[in-house]
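Quick notes on the structure that follows.
Chain naming follows the written order as A, B and C, and within any one chain the residues start at number 1.
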Amino acid sequence: MKKNNKTKIVSAVLIVALLAVLLLLDNTKGVPSMLLTVLRKGAIYALVAVSMNLLNGFTGLFSLGQAGFMLLGAYTYAALTIPVESQTSIYQQYPGGGVGFSITEGLTNAMGGFGLLLGVVICLILAGIVAALLAYVIGLPVLRLKSDYLAIATLGFAEILRAVVQYAKLGPVTNGSNLLYGFTSFDDFKIGSLKLSTVMPFVFSGLCIAVVVLLINSTYGRAFKAIRDDEVAAEAMGINLAKHKRMSFVISSFFAGISGALLAMYQASVQAVTFKAAMTYEILLIVVIGGIGSISGSVIASFLFVGCSEWWLRFLDNEKTLKNFNAKLIFAIIFGLIVAGIAVAIFFKQKKNGKLGANVPCIGTAIVALAAIGWDIWFVISPNLKLPLLRSGFRMVVFSVIIMVVVLFFRKGLLGDQELPDVLHRFGAWLQSRFGKSAKGGDAK
Amino acid sequence: MAAKILPYLLGGISVGGQYALIAIGYTMVYGILRLINFAHGDIFTVAGFIMVYAAATMPLYVTIPLVIILTILLGVLVEKVAYKPLRTAPRMSVMISAIGMSYLLQNSMWYLTGGLAKQYPTLPWISDKITVAGYTTSRVTIITPILTIVLVVALVALIQKTKIGMAMRAASRDFETAQLMGIKINNVISFTFVVGSGLAAIGSMLYFSNYATVTPTVGAMPGLKAFVAAVFGGIGSIPGAVIGGFIIGICESFIKGTGATTFSDAFTFALLIVILAVKPTGLFGENLTEKV
Amino acid sequence: MNNVLTIENATMQFGGVVAVDNMNLRVDEGEIVSLIGPNGAGKTTAFNVITGVYAPTNGRVEFCGKTIVENHPQGKMEKLYKGQNNGQYTHVLKPTPDKITKLGMARTFQNIRLWKSQTVFENVLIAKHCRTTANFFSATFRMNHAEEQRQREECDELLSVLGLENVRNELATSLPYGQQRRVEIARALATQPKLLLLDEPAAGMNPQETDELTAFIGKIRDDFKLTVFLIEHHMDLVMDISDRIYVLDFGKLIADGTPTEIQNNQRVIDAYLGVSNDA
């Protein structure tokens, strides 16, 4: 009990500290805007990834409909919060379009800042509910399907949704295939002159993820895991498959809907074309990188993913000529180390699986790594100062190669099906045993 | 009335034949590996780009076989890199690998081509305009269904009559037992990818002759539709995939004809969901039950 | 003595194969009844029909006086009865296995089916889920604390009765075979059954483990006031433990009776040893 309380205090302190840092970042001049982008988008993607993990990782249902439910959430949120006076100009293609009211605007006028928050919360929940309702309706026929059929059917549903939203008859609400904008976004959250644009995504997304964590550790979450591990046994032990699968599907879609709304708030605009199957694939890859069945893995992976795709790998998209030989040498050494590191990691992994030797992955890795290092040496010797290959689009190639390496060689992802606190705890215990041992050895001497 | 319907029907049959050629690749791979090869649609697109670049420098009698050969090599390479190492892994992992591969191919194409739409070369003779029953169309419209059927008949003969065909049938029936009976499963799988990619290459030539431009993501949608065609016909069944392809192509063409273009994609998926709900094994699929 | 399980005219056909052919049997309260027969006789199929995994081609299963499974494809009108679902009349009743489990019937599997990523304790605790009264909302927001606490205590008690408390936090599938079977029994007991169906509980066990299991099955029957219906190949165990035995051969029941009667039944001996053509 005492230990439990201690953990609670520590986590509360950590959360407050995190929010304080975010608040500081929001209101300090000179903070790289990319950092804020990564934090905001990462927090939102974390929620989608967690919602997908609930289905794919914890219930064992391979669904690819996430983008569709996000789309519903985004449109629901946007349509309900566009200020009344801007509705005519936004819906100019559909005269008389727009819902004619704005929940956030109405509540802000009535109650001020608290009204804004209340309005946003109401609209986020409505966004989730709309997505969840649809999931409830389609869940019955779709969830009877097995693995890949389920995947392709949910993918199909997402595509249908995208087409329906762009349907001209729905134009007065969805604005057809045109942009929706001008609705309440994160930038509208302020305390006095303090901006909360990064704090708010963390608050909303964090609360939702907390609910998912609570759910997973409840008796229903355990039932989901039983279905994932062995459906036949789960059913024989009294778990109603249809009911529980549907429940998982509906909850996952609920949070996907909310995250869609959050994404709309972040982007300050919504358009159906962005919610393509490619978006679902990206989220799936986040889940895989983090570890299927690990909430903390999904959260960490979404920040890594967004960080890599938006920021850290950006330099790959621009041509670059190095200044002098020293810069070239430093580049070559770093490059060589990265290549060698990845190769060694793959070898180590294969050895752990007991497969090291003359197998195809190892030979392939060796050839690729040797070629890369050979090129590296050649590059140092050559008089050329311009870095080759770097131009628009290279970032995504490197990025997808990294993803393939993870998928092929590090299938468990960052955390497998473990959670970060457990891993840290075990790492601590391991360190302690190591440390304790060496201390003992010292004593003996 | 008939004159109004004819263009849509012809267009539908033509697109349907192209879907059918792609769908065969899906259905054969699924039959043996139980894997939706998400990268198949991208292999189809790569074939289009190879044609764009090859035709710029080489004469046509060189480029056509070259496109087919390079596409086949790519298909087999994808199998060796992305699927073979995961043969004993859970199905979900292999599917994720397929999605990752599709992502990699799309991004690579974007990088190599600069992301701009490329003009597809005009293939002489088959792109020529002809007139059928008072309606002008290009010759490819007529050739596609004929070529599709000829290729499918040849393929079915291959599967029914040859030794490798027999091995393929055995592997799709029971992967493990086939292995135990001395069938070199890796050769069978490679051969499956050879056939699938080769047909996708031919399909791409016919498809892009109609559509004129190639972009890195253009293959995703026909790829998915071809997959739906394969499911519709009963996954694992080649005649099923062909019939499914034609049905989807024709329906789509008529839906576009009524002006609801945005719904032609949605229709395909609606059809998929209906068929999965009503008859999950498709028109010609076989029923399998799990032993408890 | 009350009747717990009755099977009437049950037939299960897969295409041309008749796995269970017009089976009739009954199990009374507090009994231990065995179903034996050569490999492929249809024993597990019979279990699957009883527990709702397969809907029978024909026949009826009654549990504690209530019809739980019924199918009469010929549509004989006299077989119509008032089903449990909203008093609607039907002559086809094929509930999913979970509904049957909730009525108080639990089973183990021939090829052990434990939840592989879960510990022994979690395996047992998950089986309690079907007795949870909390809805999803109150479970998520921890408003069912008392119930959760009670369930955990019950599971710990079960584990100690079954001698599994020292492997409580091990991964269930990392245990030796004999213990895994025990976990499966613990898991089945956690659903609070009246009738326990054991599918080859001694498969893969050595003679010592089998002896322990024999004593153990008797003990849980008495402790939990159970009725036990089991499939088994170890004749020592079957003969030691059973009150009555049914013998199945090629889907047909060929004999039933006390262990002594079965041991002396010529048809049973023929079924197991084969009939000599010279005779």
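The definition used in the following text is that a residue touches a chain if its C-beta (ideal position, glycine included) is under 8 Å from a C-beta of that chain, and two chains touch if they have at least 3 such contacts.
Since the structure is predicted, the reported quantities are computational estimates derived from the model, not experimental observations.
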{"item": "Chain with minimal offset from the mean of all protein Cα atoms", "value": "A"}
{"item": "Maximum centroid distance from subunit C, chain identifier (CA atoms)", "value": "B"}
{"item": "Rounded Å distance between subunit A and subunit C, as computed from the means of their C-alpha atoms", "value": "44"}
{"item": "Length of the line joining the C-alpha centres of subunit B and subunit C, rounded to whole Å", "value": "48"}
{"item": "Subunit A and subunit B, separation of their C-alpha mean positions in angstrom", "value": "32"}
{"item": "Residues within subunit B bordering two or more other chains", "value": "292"}
{"item": "Touching two or more other chains - residues of subunit C", "value": "53, 109"}
{"item": "For subunit A, residues that touch 2 or more chains besides their own", "value": "232"}
{"item": "Contacting residues of subunit A [partner subunit B, same complex]", "value": "56, 62, 138, 141-142, 144-145, 147-149, 151-153, 155-157, 159-160, 162-164, 166-167, 177, 232, 277-278, 281, 284-285, 288, 292, 360-361, 364, 391-394, 396-397, 399-401, 403-404, 407-408, 411"}
{"item": "Subunit A-facing residues of subunit C, complex", "value": "51, 53, 96-99, 101-102, 106-107, 109, 113-118, 122, 125-132, 134, 136, 139-142, 144, 148, 151, 187-188, 190-191"}
{"item": "Contact set on subunit A toward subunit C in their complex", "value": "211, 214-215, 218-220, 222-223, 225-226, 228-230, 232-242, 247, 293, 417"}
{"item": "Residue numbers on subunit B that touch subunit A, as the complex places them", "value": "34-36, 80-82, 84-86, 89, 91-93, 95-97, 99-104, 106-108, 110-112, 114-115, 217, 220, 224, 227-228, 231, 262-263, 265-266, 268-270, 272-273, 276-277, 280, 290, 292"}
